[in-house]
Amino acid sequence: MRILVINPNTTASMTRKIGEAARKAAAPGTDVLAVNPEDGPPSIEGYFDEVFSIPGLIGCIQKNPDYDAYVIACFDDTGLHAARTATSAPVIGIGEAAFHMASLLAGRFSVVTTLAVSIPAIEANLVHYGLSVRCGRVRASEIAVLELERPGSDACSTISAEIGRAIKEDHADAIVLGCAGMTDLAERLSREHGVPVLDGVSCAVKLAEGLVQLGLRTSKAGGYAAPRPKAYSGIFAANSPK
Amino acid sequence: MRILVINPNTTASMTRKIGEAARKAAAPGTDVLAVNPEDGPPSIEGYFDEVFSIPGLIGCIQKNPDYDAYVIACFDDTGLHAARTATSAPVIGIGEAAFHMASLLAGRFSVVTTLAVSIPAIEANLVHYGLSVRCGRVRASEIAVLELERPGSDACSTISAEIGRAIKEDHADAIVLGCAGMTDLAERLSREHGVPVLDGVSCAVKLAEGLVQLGLRTSKAGGYAAPRPKAYSGIFAANSPK
Amino acid sequence: MRILVINPNTTASMTRKIGEAARKAAAPGTDVLAVNPEDGPPSIEGYFDEVFSIPGLIGCIQKNPDYDAYVIACFDDTGLHAARTATSAPVIGIGEAAFHMASLLAGRFSVVTTLAVSIPAIEANLVHYGLSVRCGRVRASEIAVLELERPGSDACSTISAEIGRAIKEDHADAIVLGCAGMTDLAERLSREHGVPVLDGVSCAVKLAEGLVQLGLRTSKAGGYAAPRPKAYSGIFAANSPK
Amino acid sequence: MRILVINPNTTASMTRKIGEAARKAAAPGTDVLAVNPEDGPPSIEGYFDEVFSIPGLIGCIQKNPDYDAYVIACFDDTGLHAARTATSAPVIGIGEAAFHMASLLAGRFSVVTTLAVSIPAIEANLVHYGLSVRCGRVRASEIAVLELERPGSDACSTISAEIGRAIKEDHADAIVLGCAGMTDLAERLSREHGVPVLDGVSCAVKLAEGLVQLGLRTSKAGGYAAPRPKAYSGIFAANSPK
Amino acid sequence: MRILVINPNTTASMTRKIGEAARKAAAPGTDVLAVNPEDGPPSIEGYFDEVFSIPGLIGCIQKNPDYDAYVIACFDDTGLHAARTATSAPVIGIGEAAFHMASLLAGRFSVVTTLAVSIPAIEANLVHYGLSVRCGRVRASEIAVLELERPGSDACSTISAEIGRAIKEDHADAIVLGCAGMTDLAERLSREHGVPVLDGVSCAVKLAEGLVQLGLRTSKAGGYAAPRPKAYSGIFAANSPK
Amino acid sequence: MRILVINPNTTASMTRKIGEAARKAAAPGTDVLAVNPEDGPPSIEGYFDEVFSIPGLIGCIQKNPDYDAYVIACFDDTGLHAARTATSAPVIGIGEAAFHMASLLAGRFSVVTTLAVSIPAIEANLVHYGLSVRCGRVRASEIAVLELERPGSDACSTISAEIGRAIKEDHADAIVLGCAGMTDLAERLSREHGVPVLDGVSCAVKLAEGLVQLGLRTSKAGGYAAPRPKAYSGIFAANSPK
């Protein structure tokens, strides 16, 4: 089985870290390739950055059409619905993956993400998925995405403190880490706090593997139907659906 | 007052029709300019097309930064949240405009849009806005967007039949037309059915005028904060937030 | 265009202040008349007062049937649904007006009203409109309505402190002022806190103007149908629907 | 124990029928007095009529302050919240009474009321109470309130047919009759359809008796606090809260 | 009228206390018998204990088939839905009874229960009944069920402190006591805090009496239909539905 | 990895079919054991049967404490919450498994189950999980559980017809089969209707494998905490939590 993990920002070091996490989660026999677009923002922090990451993300799928499943490795599930129209293979966002998995382990989870500016998009996703009723609160640690890449950063202890508050104030019995760049912290934080701490990258890999092994594919009977063929103009001509 | 109305698809005839509707709705003293991006899809029908229309839509705002308000003239409010981060002037989507206005006139409205593939995105918007509780049902007439531009099309009678069903089956007491290309049909259909039939383009112009006259601007204290400055790569370099 | 702004309480000084705010918000060419009933309570603070203000409010519409639109200038939108059955011109409550406008500018608004006793009615309205999902919290400043009319009152600083808490605790990125008597404070409080602060009176005027200019009228196909003709008894005989 | 049952319309024959139903439901030792206001509409069909029935309804409580409980015998629970501020004795609306009782007997109930114009108010009540999730649908039989008072009317068979549709289409396993004037039909319709058919008048009497026997009274710590003393003007001077 | 009150745990002293509370609430002419199963847990604290109390609870109904109504005297309404399939007489849970009664007296109630481990089940019940919208918060006093039975325990003051917080922090204007073992504390706590404090046992008795007096019975047309006859194996053979 | 799949009814042929489906879905290296309790009902059709299947289900876990994960192979997720308190290994219900997986493949799924009497419990689960917003409708085929075990039954074509209605009337773009006994029909029905048709048994196995491979376990910090040690009486003495 081959899974394409797409980091929709252009920061290669983060793509590498995500790829490692995905490979660590993958079952024997699963090949993971982690890629990122060449065009777009170096990190995704809010609605504006999202817009300029999605065409590249879709381009990654169009250029790699033969994978068995695709994982979108940005916690706000950037471009998820569009990606599902671009292939009939399963497409899993790391945000939704962690939300669904957490719902199987705990009564209520809270999310600890990077910047407050990302909270509204995450909250809207939770409402859309239905899982907002399972979420205590989406919390920001106010650590910027790329700070997570900086060696020597004390990001982990800041995140840990926020997790402590989530357990105490939100009565959360599980924690979802709200950024693909936090993927290497889950295990340590789980041990520290004694509750499940979920990383979306590994959750998404397992969900993708499961769907592929069952032969399940994205439905084409509703909003995820293949786009109607039409000729796009200008810089997006090559992306035109056929 | 100057309002920029952005048709996020590349079909100039539709931009013209939208511009006319917007100007017809505008108060004396309001200047309306209708534009469309050069890059992207000729019509927006579903999630995939959306992705490739939004960078051009944002580009239109970036190239025209001095307008008093912006209207996004695509019924699924394509790129609305991102557009709000790109300016502090009010940005109004024609979908939300019609939903809010209909909520002031009727107990329950139904939406009649083009293709069924657009229904999930519209439904998700309604949930996000809170107004799904006011909506009877989102209905598709199965008329493609560009068919509305074809002279001699019998689109109007098909839409009218669907409106009849919405009134009878959904107990809707107002109708929202679910495509910018239907803007010229509202008056006639309202007379025909004896209920308010709302066109989002004109509703958005009035809401934009109202907000501007009150000196109200998009909040920068939450998810609509200006994007953090960073250097985008490749074809989006020029869009980098500063 | 002529808009009748009805203050449903009997306090003439408040009617004057509301009239000024409405006229200030009105476009050139809009005539605003502000009135109040002769019968009823001098201020509306909770469910009981509401009951005795609504017949007079409806009477104001019945005695002034030729206006292009009506604004109900009490923040709990007293008698809104009944008023809509009494005319086919648009009727806008200042509460709903502010909620809808705030939803176009911010992700989440909080309300700062007068007394806690009014909170349940406002919360119920938000649920009914659908916009409770957009509201962080309805907060009371515990300032009585008529205290706002007293020269030298320090009401504004109390309200400002509550706004500060709303921004910090509710993560609200816009504020709605929850009383017609606060209409003159919005601008100053907005500057002070750096977020949109909305006054319902001016919002309602702009929404009314917009609907009138578009030729849109209240639907008569649902719950806002004209009342069935019948003879009322006693003191309400003159209000009988014909 | 003394219960005052208030029919908020002015039709004495209906008050008599309601009084009989209430007395039939009452336990030995419960005295029931059924009254109606002298001022107001002869029947309540929609929002407009409501407005002119509530002052008289409140007046009935003010003139009869020593009852142990009050029942509002109009299915849209006209003036319920205001009535609760006017006394600390329990006040029960016949709509809510039937909804709560039905929730104890069945998974999902549907409502069969008189005219469609009353549906929005009933639906709003259900949302406010929380019980809309237990309601399949609010259905109109299109029988006017006073038609129920006409000897020889075939209202019962029309209502029965609508009940049949509710069971089949809504999968309702209980039926709530949506008008105080239907109070004498419940038993017969229940036998006919083999499901519980609830009449709000009798349900309200039992709930009122229960609360009184337990010594429970309306909370004065929230929105049902006694109105602040103030002098009302004109025809409502006598209703001023002291 | 004969009501069977079933304490689903095996602690006889608690059954006695519940029986006394039920008899105190009952009207003259109502016979109350309080029983408990012989098999199962001595107290119900969380999901696990529930499982082993319900067969005994159902057995109590099967062995006492001729009662007019049944009350389940455990606050998480253990086995309520199953019990309703086992008889056509009304079955009332003390949790739902208190929630419904509180909804008739106050705008928002909070629950004060024993251990935090019971909160999720209570919250789920509230959502299922629809009444979660009426509930401020479900709070744990962290007093174990059987501690309530210990003479000299200071449980009451701990519970009182939590009630104080509910009124202040949740803006609750009524309190529901969340354990059958608290039934003797309601009156005293109500006087202390000046808000209605509801005990589910007495509420359930009154609701049961009311339904019986109206001749209303559990619907058999939906999920509460009698179980299909089948032969159970092993220790449950005697419980097989016929 | 070892997964215990528990069919909570006592029908061994169904246990075998479920075991086969589970083994077919399992990855190489996953050992599946399918068991059923000796005590309890031969099929689970509604609330009553559930009660008498859960003690045996929990007993299966208590007797087999060393598995890496547990699957509850009854579509109404019988005893799920209690089972999660009985072990810290992941416990997955086949209903929730199918709902979560369907949510990753389609915008809206419908459920086709056996008897209408099971619908309320399934609907309540969907609400509890949050996924009711993703579900079009829960439909009954009116095929009894054990009819699915009868050779020569035409159950499959009846189910297929109901699926057709779900696609047409509910606009579902995926189908969830609502009974463990339908596990062998999914592939064929998916091919027939051209949409994903999900079987809960296989979905649950993949979710369980994924969670185990990630080292994730049920949270013990909330409602799934281990039961407090106490001595149960009578037939359940051996189940007492220690």
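A, B, C, D, E and F are the chain letters, set down in written order, and residue numbers restart from 1 in every chain.
The rule is simple: a residue touches a chain if its C-beta (ideal position, glycine included) is under 8 Å from a C-beta of that chain, and two chains touch if they have at least 3 such contacts.
Heads up on the chains, UniProt names are A, B, C, D, E, F = Aspartate/glutamate racemase family protein.
Worth saying up front: this structure is predicted, and the values here are computed from it rather than measured.
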Interface sides of chain C and chain D: same vs different residues, half threshold: same
Over-half contact-pair match to D-E, picked out of the listed pairs A-B, C-D or A-F: A-F
CA centroid of chain A to CA centroid of chain D, Å: 52
Inter-centroid spacing, chain C versus chain B (mean Cα positions, whole Å): 28
Approximate Å spacing (C-alpha centroids) for the pair chain C, chain E: 44
For chain A, residues contacting two or more additional chains: 107-108, 116, 119-120, 127, 133, 171, 222-224
Of all residues in chain D, those that touch chain E in their complex: 25, 27, 90, 92, 96, 100-101, 103-108, 129-134, 167, 171, 173-174, 187, 194-196, 198, 202-203, 206-207, 209-211, 213-224
Residue ranges of chain B in contact with chain A within the complex: 10, 37-43, 45-52, 54-56, 58, 79, 81-82, 84-86, 116-121, 124, 127-128, 144, 222-225, 227-228, 230-236, 239-241
